[in-house]
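Each of the two complexes below includes chain A, the first together with chain B, the second together with chain C.
Now for the complex of A and B:
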């Protein structure tokens, strides 16, 4: 227990020291409040946002709910599309050779550069936002799925073949479970991309969501709100990743143990 | 009587390599015979085993198991791999049931067989353990049990104890002989350990590379368990060693 406490104590004290220095520097007017609002100001803005909201009536929680909902929907659609397509590409070397250039090209296109196109195609409503998040997640999830299928240990498939397993059984009972750990970690990375894309996707046509909160605040020179919004995205990102990591450990316990043994 | 395994004029070459992995190899293995293929890495012994298993196609010649030509894996050709190749997401029992279910057993029958075979290899009580919870030696015991669940006529073993430490390895050799005494099978066992071959085999075939071929064949009619100090084995060891050293 003492080891655990010390593990927390060190980064915590660094953080406290950092905030104290920031507060002091702002109090001495070494830092301009418009650029670096002090932590005390951020804390009161946070309380204000959490209770009264900005714009008036839309609380921080409501923004966060909207944002997380959009991310999860875009992510889920991307995963649902990428996994079957990736399995097909990963299973057939010919298909992979046919598609590898396109895949590399599309994943290199920065998602937010599609923002103008997305507006032309889908308007400024929800569809465009979900599309952008989905696009970002998809091109991370697809290569991850292809790799997951290709990297299935061939000896497992050979072993299954010596045990009279049909191709269908090999696919369902060997290839799928064997690629599950890499699929899950791919989904986790894709979700991280969703959190990166969201601010850009929420820049247009909405006053709901943490991204629009950040942009709206800028219009009113409310740097404090922008910062609170930023920290919220970071915090929720951390939380969702943590939940996913726990889910992974629960779904594929053998993987965690294997990695622990390799260390 | 037809041999359990018959290899006729078997050759294997990859691509345009000048030297084939296997030359024209002939081999006949009797019912319940324990044959050890011995040689350096790259001498083609694993390739020969894979072709007998039906996992690889030969470039020329043919393999017959029980009088039938081999065209595909499965169908009574059990195999144990060097790294066990257990499914890490299945418990020991489910790994064995996987084999039994594919052979057409019902669920209850598969469970009964898995428990029986785990007990046979000395792992009663480990039914619900996952492979990562088992030592290397225990994993290979499960792999042997899994191969036996196919009720195979022949058992093909590709350096099954190669990754184990020497103490565990010696234990596993005794263990394999004990299981083999209870479940007689025709065994083809690949290794690069001379002592392993001498302790286990009815017949040792020493292979040389490029092209893969047999260069020495010795019958060992000693009863088991064998002692490493046996003068006959010591003499054979020297003979095989000088043959391998070339």
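Now for the complex of A and C:
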């Protein structure tokens, strides 16, 4: 019992001590408030941001809603496109070999380097941002789908064949359920990439969204808002990931059972 | 072993050739408007005529220097702290809260605060790349240390290997495969972050080149720059992978 308490108390006290030292150092003007606004300031800025908003009265919730909406839309489009293409590529080894170089290459193109191209193609509006998120998610989802289809246990397919199952039935009742866990974990990784990309994409040409919030706040010398915004991005990211993990557990209960059996 | 058909052996090349050929044809006969999507050949010609080779090389070298500096710092900090946190319980208890709070923040979200802390120069970019590398390396190093088979450590202890020697000769090599995976993830992230940081605030580097070319109306240069970024990232990742294969590959199969 003592061990458990220490496990909580030590990290907590270190954290509290750190915040107190930061607060004290800021109060003594050892730290410039423009660079390191004290924790008390951050807390009041958070309340301010949540109730009155920044810039032009856009509240934190509205920023977060915009950002998460963009991510989900781009992610959904990317998944909707990547899954069918990935299933086709993964089902034919020759196609897979022919495309593997292209897929590897497109994956290693840093998504945000496409920002200037996206601006030329779609302007600075919403479409460009959704395109960037979609690009980032797509090239994560596509290899995940290809791998998921390729890694379906051939014994399952052969077993279905011995039962005279048609290719359509094999696909719907064997390949799809067997690859679903990998597809879903791919979708989760892709969502993480979406969160990475959005912050950069929002730093240009918009005042809506968490990424623009922290950039705008910097230009107005409101470092406190920048910091609060950063932590909020992290917090919302965790929240969305958590929801997705729960969704995954609910959609593919057989995967959790399998993992439990293996342990 | 069955000899591969030529089609199978060169499938990758053929795929790329088909892709580039279709693109070239589409750009020449389909869109016609090079401002929307120039053909690959035009892209290269524009770049060579507009950007002097020396400037191009400078952009690449500046970017590579930044990413290597940030990666070296982030990787060494991540490895040292990760191993320490995986080996010494108090270090883990003290580090964990800070790292768990900061880890969910995407590296790009640090750009504004990095500019406030370090100004617009090199340190702010290197700092952001450092963060992009640090978190994955730390996490995988800590996980690698935690998942060492206890039997290995016990076996070493029976042979009177203990303390620092146990850490250096047994535990760290056993955790190396995980650390190596973290290094590759960290490098990829660091590279992506580099480009973004250069887009937003830089006067040199590949990301800046892509952005500047768009503003000057040399769209072909932007497209070329995107390909260059992908190429260099790919080559660097291959280089890192083979370096890992040569060292860690001696005692671990990836």
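Rule of thumb we're sticking to: the second predicted complex is superposed on the first by the 238 of 263 C-alpha atoms of A that agree within 3 Å, B and C clash if a C-alpha of one lies under 4 Å from a C-alpha of the other, contacts with A are read in each partner's own complex, and residues count from 1 in each chain.
Throughout what follows, contacts are C-beta pairs under 8 Å (C-beta built on N, C-alpha and C of every residue); 3 or more make two chains touch, one makes a residue touch a chain.
Source: prediction; values computed, not measured.
S.K.: So, does A:164 touch the first partner chain B, the second partner chain C, both, or neither?
M.R.: Once the two structures are laid over each other on A, A:164 reaches chain B alone.
S.K.: Is A:227 touching anything from chain B or chain C once the two structures are fitted on A? First, second, both or neither.
M.R.: In the superposition, A:227 contacts chain C only.
S.K.: For A:110, select first, second, both or neither according to whether it touches chain B, chain C, the two together, or no partner.
M.R.: A:110: touches chain C, not chain B.
S.K.: Between chain B (first) and chain C (second), which does A:235 come into contact with in this model arrangement: first, second, both, or neither?
M.R.: second
S.K.: Does chain C touch more residues of chain A than chain B does, or is it the other way round?
M.R.: C
S.K.: For the complex, give me every residue of chain A touching chain C.
M.R.: It is residues 6-7, 10-12, 14-15, 18, 34-35, 94, 97-102, 104-106, 108-117, 119-121, 195-196, 199-200, 203-204, 210-211, 214-215, 217-218, 223, 226-227, 229-231, 233-235, 237-238 of chain A that touch chain C.
S.K.: What does chain C use to touch chain A in their complex?
M.R.: Touching chain A: residues 7-8, 11-16, 18-19, 35-36, 90, 93-94, 96-98, 101-113, 115-117, 188-189, 191-192, 194-196, 199-200, 206-207, 210-211, 213-214, 219, 222-223, 225-227, 229-231, 233-234, 237 of chain C.
S.K.: In the complex, go through chain B and note every residue touching chain A.
M.R.: Answer in residue numbers: 53-55, 72-75, 77-79, 81, 83, 85, 87-89, 98-99, 102-103, 130-133, 146-147, 150.
S.K.: Which residues of chain A touch chain B in their complex?
M.R.: Residues 153, 155-156, 158-166, 169, 173-174, 177-178, 180, 252-255, 257-258, 261 of chain A touch chain B in their complex.
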